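Look at the two complexes coming up: subunit A is in both, with subunit B in one and subunit C in the other.
Let's look at the complex of A and B:
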């Protein structure tokens, strides 16, 4: 699981062009949106595509993302349980 | 009709022009036909959270717009008008590549949003919170001038407005390669400072951004008055000569009143005869200046000549690297600009010291 969390942090930094953010600066329980990493609604769409492309998880209801993308830890748990690739 | 004054201007180019206090003091001699603009410290002007999605043209456009607004003392413009020949090519290419490599699946929104021609105008408005008139003109090498004409018309109807007008174009890997393949860009690397002596077809390729703030009323800090600007899609060299003479006459002036001309020669032997026809006739007794051997060619490169004229009016001096004949004006009151690209999208403008 720790490996998946690190992988997710790297993918998010690359996919969302977070050029000034290091993997070590993202805590497993840090909020991804709002006061945490400060992601926005466009980033949420990018994360939905990332889930489908890299892990074969297709969110049927985009509103599900609100809970899934709460933090790296929550996201990693969800991927571990639902991934198809 | 009210006037049209340039009250602030800023430029980013392949030379160090982002600092208006410098005037081409140190020239970089590029040795290749494709060369990029010099990046200022974008972080001074754009928040990191906003900048992470921006391509080069957006960063250049947003930064020069903020510089121009600051130099004009205007915080919120009443209109934003941008010109671009090719728009945000970098993100367009990335988006198309993703379509190709991902078999039309998994397309993300950011590149699509950022790939339109009006992305720069939109990002400037978003950053300022400006909900006013916002239009982008795509008219090849006359894109910037078309934007100026729109601004000029707006000021004639609403003289109290302050209008932000700009021109932006960027290099992108694949589309620039296409222009090399079709011969629009020279096949051989050259010393760009010797571009105007080139005997081959094609030109060089660069990128840049210029933004200006226009107003109808003269301010203490006004840089110049834009007397007139005209564009013409297709014309013969003789047509251009007649248009220039007519434009000068329309302003109640003669050729003797023109202190300098700034021309868009780009070293393409197939098309520079448009300029040479003027240089060897009606401009033969006027100081002639060129700039594309210094900053390169792109669709809105002519916007640089407005920055140049403003700078000349301010310091009453011209860097020798720009001179292409032996005539030097004692002072600069009227400067005429002419540009064309591949015999299309001609533009003529007359600027006057104020």
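Let's look at the complex of A and C:
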């Protein structure tokens, strides 16, 4: 699980062009939106694409993302349980 | 309708790996091999701290950086500063990236972050957000820099008091070929705003 969390941090930095952020600066329980990493609505859509493209998880309702993208830890748990690739 | 005199307070040109402000070279970078790298080096040179910059496409980055050069060392922009921009290639550079991502039905993953930049007028949105502008804006597509249109449109905005100042110009990018010129039109300045001056400065 620790590996998946690190992988997710790297992917998020790359996919969301967070050029001023280091992997070590993202805590497993940090909020991804709001006061945490400060991601926005376009980033949320980008994360939905990332789930499908890299882990074969297709969210039926984009609103599900709100809970899944709470933090790296929550996201990694969800991926581990639902991934198809 | 007011008939005041207006001036070109400052102007900025980005071409051939270099930035010029009011005709003077202020930065040059021949090391960066990509436009993305060049834009990032300008960002660092200007000492900017604006994470959203890294999310912009290259066209937006060029327009945004030119606007930052323009207002550097100057007063804060009034919220009614209008933006009147133009180019030839529209958002073609990013349109192509988006097209590539939807080309293959078996590998169909369009990026929302790319898609949002498939309109050239988003440059004005980015400049407005950064500078908290609540103003008129317009983006025109033309074969070449249309001095008559830029001058006339800007002058109407100023004379009808729709704007207290205007940033107008040309922000063009197509496959790593770029040409950027922005002029800040205001009631202050040394260069009188005329079609001839605007054209001369663009062609400098």
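Just so we're on the same page, the second predicted complex is superposed on the first by the 85 of 85 C-alpha atoms of A that agree within 3 Å, B and C clash if a C-alpha of one lies under 4 Å from a C-alpha of the other, contacts with A are read in each partner's own complex, and residues count from 1 in each chain.
Just so we're on the same page, contacts are C-beta pairs under 8 Å (C-beta built on N, C-alpha and C of every residue); 3 or more make two chains touch, one makes a residue touch a chain.
Source: prediction; values computed, not measured.
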item	value
Touching partner for A:1 - first (subunit B), second (subunit C), both, neither	neither
Touched partner set for A:45, first subunit B, second subunit C, both or neither	both
Contacts of A:80 with subunit B and subunit C, given as first, second, both or neither	neither
Which of subunit B and subunit C A:67 touches, first, second, both or neither	neither
Which of subunit B and subunit C A:19 touches, first, second, both or neither	both
Subunit B/subunit C common contact set on subunit A	15-20, 38, 42, 45-46, 49, 52-53
Parts of subunit A lying in touch with subunit B, wherever the complex brings them together	15-20, 38, 42, 45-46, 49, 52-53
Complex contacts: residues of subunit B adjacent to subunit A	48-49, 52-53, 102, 105-110, 113
Subunit A residues touching subunit C - in the complex, by the definition given at the top	15-20, 38, 42-43, 45-46, 49, 52-53
Subunit A-facing residues of subunit C, complex	40, 51, 54-55, 109-113, 116
